[in-house]
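Next up: some structures, all given as structure tokens.
Both complexes below contain subunit A, partnered by subunit B and then by subunit C.
For the complex of A and B:
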């Protein structure tokens, strides 16, 4: 019988505490999905000293690097920080994971239901979200439909399920290659920004695995990827209920309150997520 | 049961005079010169062109009077007409240092253009025509050109004899314009397509240059069919000449039945209904010329055999998604027409298909009446469209469900009209937005997508801009 679990990567950048998010998410995964969680981090000492090891099945040490992949991290419409975006190593998960069946997950993916358990029961070898929904429902979602105006379909690297198969081994090696040759691939796929994004690299690799045509290499994960962008604010978190302040369309700095219950959501405003985590940890 | 693909191909020809691209430097700036017309009045001070000369009017010129040299003053002699809004007046060929009138302004020619803009088709082969020179001796039986006419001399004419029309018989009644001669001091005309010209002592008809070469497109289509469907038959319906190299591509070359009803039209819709009668096959797939078949379509035939008549009602964009065609099909939406695409359709020789095509003829011939009756005025097209006409017929016969399939994604085609591509920023030509790559095996990649099925490239310059023909010629040994 194959072993299965969730794999997280947590690499802090001086502004965002991804390790803390990983601990927070591991607890929720255990509660909702009931599978072990492993983490790969370049801050093992910080993790062990601050949070302990109870929440993790395995802790894998990554070499610390100072990445130059800089981007803005918004905290609502009116506040932003520039920080490094340590998003490399995603493709390395294929070799790092201790599981035969793995769900890779971003640490800002707030699991609030057991929908993803169905991955392990499916017959698919590789699943990822293509369909997605901005909970605000007032913004142009085109940027998450294709990776550029003329290019290929957009897939979210936020959550990926895979089995260890030969095809998936080729796929993850391909993602590594695309990352290494990013400046070439971003031009071939008409991406104007030089910022490396896993979403883009995985989307390109899926397109190639499909033979440069629409294809079936990647299956849709259960449900749809719900997300809020970093111009929204996570205002309250109470177990599986979340309250967001969602940016109003065409009204900079004004928000509409929106509440979700039992809905797994990708919270891109990492700073507001960390504030909620701090509150939750303080109450434990 | 015989089966095959039928394509209707009618080239569009340029009927207009083609102007050489001369280097021009304006002279006599601020002077606008009008052509003198006998029927018009001309006022004092007006600059006018008459008989290769520019004059200024000194006394009023009255309509219907002959040109009067005592009412004008010569301004510039030896002025040729390079360009004018009236295509019926004589246009000349200009050479370096000539003075020319171009759209009412006077220029000096600074640079020649020796490009051969017209295809010349030789007439009266074997007839050698000399220019008449009064100072030369001419002999009986000689063909001579003078005053836009060619005569065959009935007797010998001694030198220094002024020409008389009784010296010979006219070879042909129409004007023959002087186009080229080794004596470059003569006045040469820039003719119109269809004119008869004398060029270096031989007679030619000025060919109409092809504006849109739909026959070449049909040949590319045939090559693509043979590349992916080696045993498939394809026939072309055309009154144009199929290039000799490409004749073998076609199972049949069929003249357009019942005469050409689209001779004056650019879109060539008017003959489409005739394909039912022209097809030599029991089962026919009709395709537009601007299509390429990029995969084997054997399974499509199996699917289509379930129908008597079939139209695709959904098309794809280059990414393989079902295309949103609303931008181009507002009249279909507003008038609740079935969303038929006749660029790819199928029929069996049967009573139902015959009835459909009989109606299609009626609708195409009387399209304005049918449009007024069936289409909402706010989005009613102003020109005949085969898709709209077919949809009107389907509505009249109430047969949409029996000639389309809402579930199946095949047969269909990739429609490359720019607004079908789900782009945020749309350009007028899809070729300006995404790259096209054609491999040696004939597979075509648009943007990042390898194309399958049928590619409807829609833009006539696609074949010219891409190495499609060259690739297919290598693949099909044509």
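For the complex of A and C:
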């Protein structure tokens, strides 16, 4: 029987504590999915000294780098910070993971049900989200349908399930190549922003693996990717219930309350997520 | 502000929240209808139930059904599969119904976001 687990990458950038998010998420993964969690981080000492090692199966050390990939991190509509976006190494997970079957997950993906555990029983070797739902439903979701106005389908690199197979080895090596030659590929695929995004690199790689057309290399993960953007605020977190203040359309700084229960949500406002994690850890 | 407009805006805010909560509930229902069998994923629909029921009624023990990803799956012990999808459908639908009723009777934004789903 193959071994299986979830793999997280946590690389702090001076503003966002991804290590803390990884610890928080590891606890939820164990509760809902019942599988071990490993983490790769460039802050092993901080992780071990601050949170201990109990929540992780394996801790893998990454080399510290000062990435120049800068982007805004919003905290609601009216507040933002510029910080480095350390999103490289994603494709390296194929070599780093200790598992034969791996779910790689962003640390801001708040698992609140057991839907994803069915991946491990699936007949598919590679699964990823293509379908997605903005829980606010007031914004144009076009940017998450195709990677540019004139280009190929968008896939979310937020959560990926894969088995170690020859085809997947080729795929992850292809993603590494796309990352290295990003300026070439972003022009070929008509992406106007120079910011490297894993979503784009994985989408391009899937398109190539499918013979440069839509195809079945990647299967859809169970359900759909539900997300809130960083203009929304995670206001309350109580076990599997989350209350959000979601941005009102055309009213900057005004919000509508919205509550989810037992639904896994990609919370892109990392600063509000960290506030909730602080509260939860303080109550433990 | 004119009192009439103020009341209308309050109601508008309530309706916005109500519609959002209804939509989220419907999405959760769709997730809870997903049934996994032998590596395949099936969203349990009335159509699937009717088809499987029809196959069971003509004494079929196994049948090939395409799953949500259009992958064919050989379903064996069809009666067990039928029981499983009926169980999945009724549990998810009953949860949906009771949560929807709670939502319908919540008459303020505060109650809408504080109700137990």
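Note that the second predicted complex is superposed on the first by the 284 of 284 C-alpha atoms of A that agree within 3 Å, B and C clash if a C-alpha of one lies under 4 Å from a C-alpha of the other, contacts with A are read in each partner's own complex, and residues count from 1 in each chain.
Operating definition for what follows: contacts are C-beta pairs under 8 Å (C-beta built on N, C-alpha and C of every residue); 3 or more make two chains touch, one makes a residue touch a chain.
Small disclaimer: the values here were computed from a predicted structure and weren't measured.
Peer 1: Taking subunit A as the common reference for superposition, should the pair subunit B and subunit C be classed as clashing or as fitting?
Peer 2: When both complexes are placed onto subunit A, subunit B and subunit C end up side by side without any clash.
Peer 1: With both complexes overlaid on chain A, does A:189 touch subunit B (first), subunit C (second), both or neither?
Peer 2: first
Peer 1: Considering only the touch criterion stated at the top, classify A:132 as touching first (subunit B), second (subunit C), both, or neither.
Peer 2: Once the two structures are laid over each other on A, A:132 reaches no partner at all.
Peer 1: Should A:173 be classified as contacting the first partner (subunit B), the second (subunit C), both, or neither?
Peer 2: The answer is neither, since A:173 touches no partner chain.
Peer 1: For A:256, is the partner it touches subunit B (first), subunit C (second), both, or none of the two (neither)?
Peer 2: A:256: touches subunit C, not subunit B.
Peer 1: For A:151 in the superposed arrangement: first (subunit B), second (subunit C), both or neither?
Peer 2: Only subunit B; A:151 stays clear of subunit C.
Peer 1: Let me test your reading of the model: by the given contact rule, A:207 touches which partner, first (subunit B), second (subunit C), both or neither?
Peer 2: It touches subunit B, and subunit C stays clear.
Peer 1: Name the chain, either subunit B or subunit C, that contacts more residues of subunit A.
Peer 2: The larger set of subunit A residues in touch belongs to C.
Peer 1: When the shared chain A is used to line up the two structures, what angle, as a multiple of 10 degrees, is there at the CA centre of subunit A toward subunit B and subunit C?
Peer 2: 80
Peer 1: Touching A:222, do we find subunit B (first), subunit C (second), both, or neither?
Peer 2: The second partner, subunit C, only.
Peer 1: Rounded to whole Å, what minimum CA distance do you find between subunit B and subunit C in the overlaid structures?
Peer 2: So the smallest C-alpha gap separating subunit B from subunit C comes to 13 Å.
Peer 1: Jot down the residues of subunit A that show up as touching in both complexes, subunit B in one and subunit C in the other.
Peer 2: The overlap between the subunit B and subunit C interfaces on subunit A is empty, containing no residue.
Peer 1: Sort out for me which residues of subunit A touch subunit C in the complex.
Peer 2: Going by the criterion above, the answer is residues 113, 115, 118, 121-124, 133, 135-137, 216, 219-220, 222-224, 226, 241, 243, 246, 256-263.
Peer 1: Across the complex, what residues on subunit C touch subunit A?
Peer 2: Per the touch definition, subunit C meets subunit A at residues 13, 16-17, 20-21, 23-24, 27-28, 30-31, 34, 36, 38-41, 68-69, 71, 109, 112-117.
Peer 1: What part of subunit A is in contact with subunit B in the complex they form?
Peer 2: Within the complex, subunit A contacts subunit B at residues 142, 146, 149-153, 188-190, 207, 211-214.
Peer 1: Which of the residues in subunit B end up touching subunit A in this complex?
Peer 2: 319-321, 421-425, 433-434, 445, 447-450, 452
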